[in-house]
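Some structures to go through are shown next.
There are two complexes below, and they share subunit A, which is joined by subunit B in the first and by subunit C in the second.
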Partner chain A sequence: MTTTDTTGRMTRSGNAVLGAVRRATSQVPALGLVALLAIMWMVASFTVPNFASAGNVGNILQQSSDLVVAATGVMFVLLAGGIDLSIGSVYGIGSVVLSGLVLGGVEVFLAILIAVTVAGVAGFVNGVLTHYGRIPSFIMTLGMYYVLFAVAQILSNGQTLNLPPGTVLQTLARGNVAGLPITVIVAVFAAVVAWLLLNRTVFGRRLVSVGLNPEASRLSGIPVGPVIVGAFVLSSLFAGIASVILTARVQSGTPALGGLDSNFEVITAAVVGGTSLFGGRGTVLGVVVGALIIRTIGNCITLLDISPLLYQAVMGSLILIALIVEAIRTRQEVS
Partner chain B sequence: MATVTPLLRASGIDKYAYDDNGQAIRGTTVQLLHAVELEVEGGEIHALIGENGAGKSTLIKVIGGAIPSEAGTVELGGEKVRFGSSRDARRQGVSVIWQEFSLAPKLTVLENMFLGEEPTVAGRLDRATMRRRAAAAFARLGVSLPLGAVVASLSTSEQQIVEIAKALDRDARLLILDEPTASLTSVEAERLFAVLHELRAKGLGIVLVTHRFDEVFEMADRVTVMKDGRTTGVHTVAETTREELIEQMVGRALESYFVRPKAMAGDAILEVDRVTRGTAVRDASIVVRTGEIVTLAGLVGAGRTELCRIIMGADRAATGAVRFDGQDVSRWSIARRLAAGMAFVPEDRKSQGVVLAMSVRRNIGVRGWLRMRRGPLLVPRRERELARRQIDNLRISVNSPEQLASTLSGGNQQRVAIAKWMEPAGRLYIFDEPTRGVDVGARRALYALIAGLVEGGAGVLMVSSDLPEVLGMSDRVYVMRGGAIAAEVPIAEASEQLLLGLMLPAHDNAA
Partner chain C sequence: MPSDRSDSLVASRRQGAAAIPILVRIGIVVVLLLAVSLSVPYFASVDNAMGLLAQASIVAVAALGLTLVITTGGIDLSVGGVISLSGLVDVILIGAHVPWGVAILIGMLLGGVIGAVNGALVAFLRVPAFVATFGTLGIAAGLALFIANGRRTTVLPDSMIEFGNGTVLQLPYLVIVAVAVLIVLEVALRVTPWSMRLRATGDNFRVAVLVGVPTRPILIGAYVASGALASLAGGMLTAQLSTAGPQQGEPYTLSAIAACVVGGVDLMGGRGRLWASCLGAIFLAGLGNVMNLEGVQPFIQDLATGVLIVVAVLLSTRGREWVARFGESFRKAGLR
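The block that comes next holds the complex of A and B.
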C-alpha cells in the first residue's frame, strides 16, 4: 500500500537508529536472549556463591550439552507445527539399547549407532502416523512415549544396566579434546548441523514454509509429507544422541533416563529460545541459549541449596512467560 | 435539491500518513486523504469507487469514527458531529460493516447483536429485551435467522445480515458497507441487494464501497469516484458511463484495457478426459493448447475451482483422466505435476497463493530451491538473485526482498504468487480468478503478463467470473454449470448475453 511505502521512506534519521535496532532484533530475535543469558550470568556471579568459579561454568556447559542437542532436535518438529512428547522415553530406549549392547560385548561405536538408529525409527513412525495417518502429533507422540517406555522396561527387565568402568563411553563423558569436554563439542557440532539444515538446505526452507502455511506450501509443489516425517526423524535422532550423552554421564542404562520431566524440559528450552508452538518460527541460536538459560537456573538452584521442587515451578513459569512473550510478539505483527 | 440538508456531508477531510513512530507525515503528495468530499442523501444508495489505495477505506474509517482526521468536518443531518470511536459513531446512527466482520464466531447471533453493549436488569443480562430487539431488527430487514445459532455456523452472507441487524438495532441512519459482495456468491449478493433496497425504501442512507461496476450501475443512485486520496467525480448513475468512471479512477482513458497475446495455438498441452469428482465436477472434458488462453466461465459453485484442483493434483478425480503433454498424469502427485511444468495461481492468495509470514525472497524462491544447491547446501545468493530478477520482471513494489509477504498490498501479493512460477517457466499456467480484488491499473499489468506467458509458448487456463475479462482475454471459453461443461464457445461467437445464458441454470431443472 502507498501508506507503508511512504512511511518507510519518510522515516527520519533520528529514528533510523531505533529502526535499525528493531530490524536487527527482528531478524536475529536470539540476540535478546543472548543478552538475557549474559545478564543472568553477571547477576549470578555476584549473588550465587561459587557460581563464577571456572569449574562451575564448565559444569554448566557440560550439563547443558544433552539439553542443547535434544532441544535443537525438537525445534524441527515445532517448526513443522507439531509437537514431540516422546523424547522422554526416546532417552530411555536409547539408553537401554546402548547399555544392553555394550554389556553384551558390542563395540561401543556400533552400539551408539544402533541406539541412535532405533531412536530415528521411532521418529519415523511418529512422522508417518502423524502426517499420513492424520493423528494429531500431540496424541501420536504421547502414545509413542508410553510404548517406548514399556519396551525399554521390558528390554531392561526393569533394572538399571550399570556399565562396566573403563569403556569408551566413560571417555566420552569425562574426556576433553583441546581443553573442551567432548560432550560440549558434540553439542556444538549438533547445533551447527541443525543450523545448516535449517538455513542452508532445501529441507530447512521447505520446513519453515510448511510450518507457516501447509496448504500454500503444498500448492507450491512442496512434498509436505516427507518434510514433516523428516522433522520427526530429526527430533528423535537428536534425542537419541542426547540419550547417548546422558547415558555416558550416568554410566548406566535406565528406561527413566533424564527423569520423568525431560519432555517438558526439552520443549521448555525450545520455547524459551523463541521457537513458536504454532509452527514456522525458531532459530538454532535461540534454542541453544534457551537450553543454557534453563541449565543456568538449575545450577543456581543447586548452588543455593534450594528445594529442587522449586526447579519445576521455575520451569513451569518460564514456559508460560515465553508463551506470553510470543503472544505479544504475534499481536504486534498483526497490528 | 440543493436546499435540502443531506443526511451526511463530509467535507474538506484531510488525513495524513504516519511513520513507524506515530509521527504524522506532512506534505500533499503522501497525504492519504486530501480535502475529500462525500455527500449522501437519506434514501439513496451511494457507491464509492476507486482503485486500491485511492483512500476509500481511509475515508469510511474517518466517517465511521475508527480513526480521526486532521482536518474537515462531518455533518449528520446538518449537525456537526465528531465520533471518538466506532461505537460512538454507531450510537449516533452511523454504522460501518467492514469486510472483516467484528463478530465473535463462537457466540450466538443474539449474543453478537449486543456484544459489549448488553442490556441488563439489575446487573444481569436482560435476555428478553435482547430477543425482542433482535427480532425487531430482523423484521425490519425482512429476514429471519435463528437467534440461538452460533455465528461460526452461518454463511458469510448471513453473518453480514447479523452485522446489518446490529446496526439497525442501534437506529442506524447511515449504513456504510465495505465491499460487501467480495466474498458472496451471486445468489447471496442478490439477497443482500434486496435487503439494501428495503432499507433504502425506509429512508436510510447507504454507502456502498465496491470494485464492481455492475454493482454501481445496478444498485446505486449516485456514485463518488476517488483517486489518490482525492474526490475526482460525483455522478448520478443514470447519467454516467463505465468509461467515464474508469477515466476518473485511473486518470486516463483506457483504450485497450485487455492485452491480447500475439500467438498461434499449437499442440494440446492439457487434455482433461471425462473427469468426475462427486457432484462438484461431473464428466468434464476440456483441452488447452500451447499459445492459447482458455477460460472457464460460470457461477460461483459451478465446479471451476474444483476442476482446476483436479488438473493440478490437489484433489483426485473418481473417474476420468488428466493428460499433460500427452502423458497420463492422473496418478501423479502435485509436486510431480508441478515439476513437469504445470503452474497454479490459486484464487485465495492470502491463504494459498503466498505464505504471508515468509519473506518475499523465499516466496519467490520456493520453486527454485532444488536448483540453488551446491552439493547438499543451498546457496542463498542464488535465491536473492532470483528474487531481484522477478521483482524487476513483474514490477513488484517492495522496499526489500526480505519484507514479509504480509506487508504487501493485494496486487503485489498476487504478483509474488505468480513470480514463483516464472523460473523455470511453466508450460501450463492455471489462474484462478487472477484479478479478483486487484485494482484497474494493476489488472492491466496482469493481463500483459498473462499475454507474455502465452507468447512464450505456454498454455493458459483461467477461471474468471468477470465476463468482460473472459471476452477480452480468451481464445476459447468453456462454460461450467453444476459441475459439468455446459458448452464450449469460440471467442468469435461469445457475448456476455450468450455466456450468461449458458451459466445460469435452466428453468426446468433449477437447482
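The block that comes next holds the complex of A and C.
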C-alpha cells in the first residue's frame, strides 16, 4: 500500500514496484511501444496459427489505416485535456454524405472533400460549445454522437447506400501505388501532417501548453479558445478521413458504420499509444503504434477463433490498464 | 472530477450553476404540462400518465445514483453498460431457477462491484472519472454482448412481467420502486452527514480533505450506489420488456445524465437534488411521450434528446451569465 499525506497526494515513500513501473515507462515511451509491438508480432507468429502467413502483416497494416488516422486525430483532443466521444457517429455521417453525393453523381474527390468538411463542422461545434459554452467535453461529444447518428439516419432514410462498382472509391480501397496500398499511404500522410502540426507549428506548442496547464497558458497570452476549438476540429477532420477509408472498404454508406465500439477502439488506440488522459502528453509515433497494437490484437482474436464479441470488453480493459499505468507513472498531483 | 486538472477544458468553475431557480423550473413544467394536455389528445389520460411515469421511473432510478456521483464532482458513463449487463445476468439467474427478486438483488451486487471499481479508480488513483467509467462501460457493455450470444431464451416468470407492467391502485409497481428508492436516499442523506460530505467533496476536494471529510469512502460509496441502482434499473427494464438484450441499456447513459442536468444537478459538482433529478426524468419521459403521440420519427426523437441535453447543460453553465448580461443591457437602455 502507498501512504498518503493530508492533501490526498501519494507520498514519495510509495513502494518500489510503483517506482519501477514509473521508471520503466517514463523513458522514450514511443520506442518502448515499438518494441512491444515487435514482441507481440514475434510471440504471435509462433503461437497464433496463420499469423506469420504471407500477407497477414500486410493485412494488419491495411486494416489499421483508418484507426491510425482517427486515433491520431483524437490525440489532439486528448492533448487538450478533453475527450471526443462523437467519433463513432462522425464515421456514420461522413459515410452517408460521401455515398449519397457519389450516388447523386457528384465527382468523387469533391464528395470526399464535402464529407470531410461536414465532419469538421461537427468538430467545430464540439469545440465551440465545449470551450465557450463550458460544457464538459464528454457530455458535449456524447450529445453530438446521438445528434450525428440521428442526422445520418435521417439523411439516408435509415438505409444502406450501396455504391456502384468501378468508382474511384473502389480504387482507393484496393489499389496500390509502388507496391503500397493507397489506404496505408493515406494513413502515413495523415500521421506526418499530425506530427508536423504538433511539433513544428505554434498551434502544436500552444496545444501542449494548454493541455498541461490551461490557466497558466491563458495568463501567458495563449488564445486558449481557438486552440481547443482547433483540437476538436482536427479530431473530427481526421475521423472524417477515416470514414472515407472505411466507406471505400465496405463500398457502401451506412449510418451505423461506426458506433460506440469505434469510440472505444479509437480512444484505446490513442491511450495505449501513450497519450496522457490528463492532457498535454502524447506522441504521434506512439499513437500510430498504439493503433497497430489494437488491430494486431483484433487480428489475433479473429485467427484464434475467440469470440469477436469480447473485443469491446478487451478495449475497455486496455483503457483501464493504460489509465492505471499512467496514474502510477505521473503521480498526478491532486488539486 | 475532483481534480482541477481534469476540468482543464472548463475555463472557470461556478460561473452560473443553477441559473434558473428551481421554482421557476417547476412553473415552466406545469405550464408546459397544461399546454400539452390541452393540445395533444390522449396525453392527459390516466393510462398515459401512468405509462409515462413507469417509463420515467427506470431512468429516475439510474439518475438517482448518478446524482450522488455528479454531486461529488464525478460522472458515471458506465450506467448504460451496467443496465444491459445486469438485465442479462438477472435473466440467466432466473433461468437457473433463482427467484426473480433474488436475481435482481444479485444483479445489484454485481453493479455495486463495478461501481466499486469505478470508485476505487477515482478515489485512489485520482484519474478523471469520465475516462475510468468509460473504460468500465466498455467492459460491461462488452461482457453483455459476449454473454448474450448463443444464450437460450428464458421465459420470465409471470410475476416478474407483472412487476414490470402491472399496477396497484392505478400506480405502476415500477413507480413505487422508484419512489421507495428516492425516499430511502433522501432520508439517508438527511439524517446522516452524507449529504454534506458529498457536496463538500464535489465543491472543493482539497478543502474537503483538509477539514477531515473521508473523501475516499464518500467517492467509492457514491459510485457503488450508482452501479447498484443502475443494476436495479436494468432489472426493472428487463421486467418491463420481459426480455434482456445486450444493448438495451445503451441509451440510458445519456438519458440518466440528461435527467440529472434537467433537474439542475451541477456537472461541476457540489450541487444536486435527488427529487429534482426524478422530475428531470419525468420531463424527459414526457417529451418522448408527446413525440410518440404526435407520431414523430424515432430518429428525430434522438436528435431532439441530444440537442436538449446540450442546451440544458449550456443553460446551466452559461445561463446566469447570459441572464445577467441581458439585464445589464436592459438597464443601460433604461438609463438612456
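Criterion: the second predicted complex is superposed on the first by the 301 of 335 C-alpha atoms of A that agree within 3 Å, B and C clash if a C-alpha of one lies under 4 Å from a C-alpha of the other, contacts with A are read in each partner's own complex, and residues count from 1 in each chain.
Convention: contacts are C-beta pairs under 8 Å (C-beta built on N, C-alpha and C of every residue); 3 or more make two chains touch, one makes a residue touch a chain.
Since this is a predicted model, take the numbers as computed values, not measurements.
> Quick check on the superposed pair: does A:A122 touch subunit B, subunit C, both, or neither? Answer first, second, both or neither.
Touch status of A:A122: no partner.
> Can A:S209 be said to touch subunit B (first), subunit C (second), both, or neither?
first
> Once chain A of both complexes is superposed, is A:G221 in touch with subunit B (first), subunit C (second), both, or neither?
Once the two structures are laid over each other on A, A:G221 reaches subunit B alone.
> First (subunit B), second (subunit C), both or neither: which does A:L196 touch?
Once the two structures are laid over each other on A, A:L196 reaches subunit B alone.
> Just checking: does A:I293 make contact with subunit B only, subunit C only, both, or neither of them? Give me first, second, both or neither.
neither
> Would you mind checking which one, subunit B or subunit C, touches more residues on subunit A?
C
> Which holds for A:M75: it touches subunit B only (first), subunit C only (second), both, or neither?
neither
> On subunit A, which stretch or stretches are contacted by subunit B in one complex as well as by subunit C in the other?
Dual-contact residues (subunit A): 6-8, 213, 218.
> Using the touch definition from the top, list the residues of subunit B that touch subunit A in their complex.
17-21, 23, 25, 30, 32, 52-53, 312, 314, 333-335, 338-339, 344, 346, 351-358, 362, 365-367, 369-370, 372-373, 376-378, 380, 397, 399, 402, 406-407, 409, 420
> Under the touch definition given earlier, write down the residues of subunit A that touch subunit B in their complex.
Within the complex, subunit A contacts subunit B at residues 1-8, 10-12, 15, 18-19, 27, 196, 200-202, 204-206, 208-209, 212-213, 215-223, 280-281, 333.
> Can you list the subunit C residues touching subunit A in their complex?
2-12, 15, 75, 77, 121, 125-128, 130-132, 134-143, 145-146, 149, 205-206, 209-210, 215, 250, 253-254, 257, 261, 267, 297, 299-300, 302-303, 305-307, 309-310, 313-314, 317-318
> Sort out for me which residues of subunit A touch subunit C in the complex.
6-8, 80-83, 85, 129-131, 133-140, 142-147, 149-151, 153-154, 158, 210-211, 213-214, 218, 224, 228, 260, 264, 267-268, 277-279, 307, 309-317, 319-320, 323-324, 326-328, 332, 334-335
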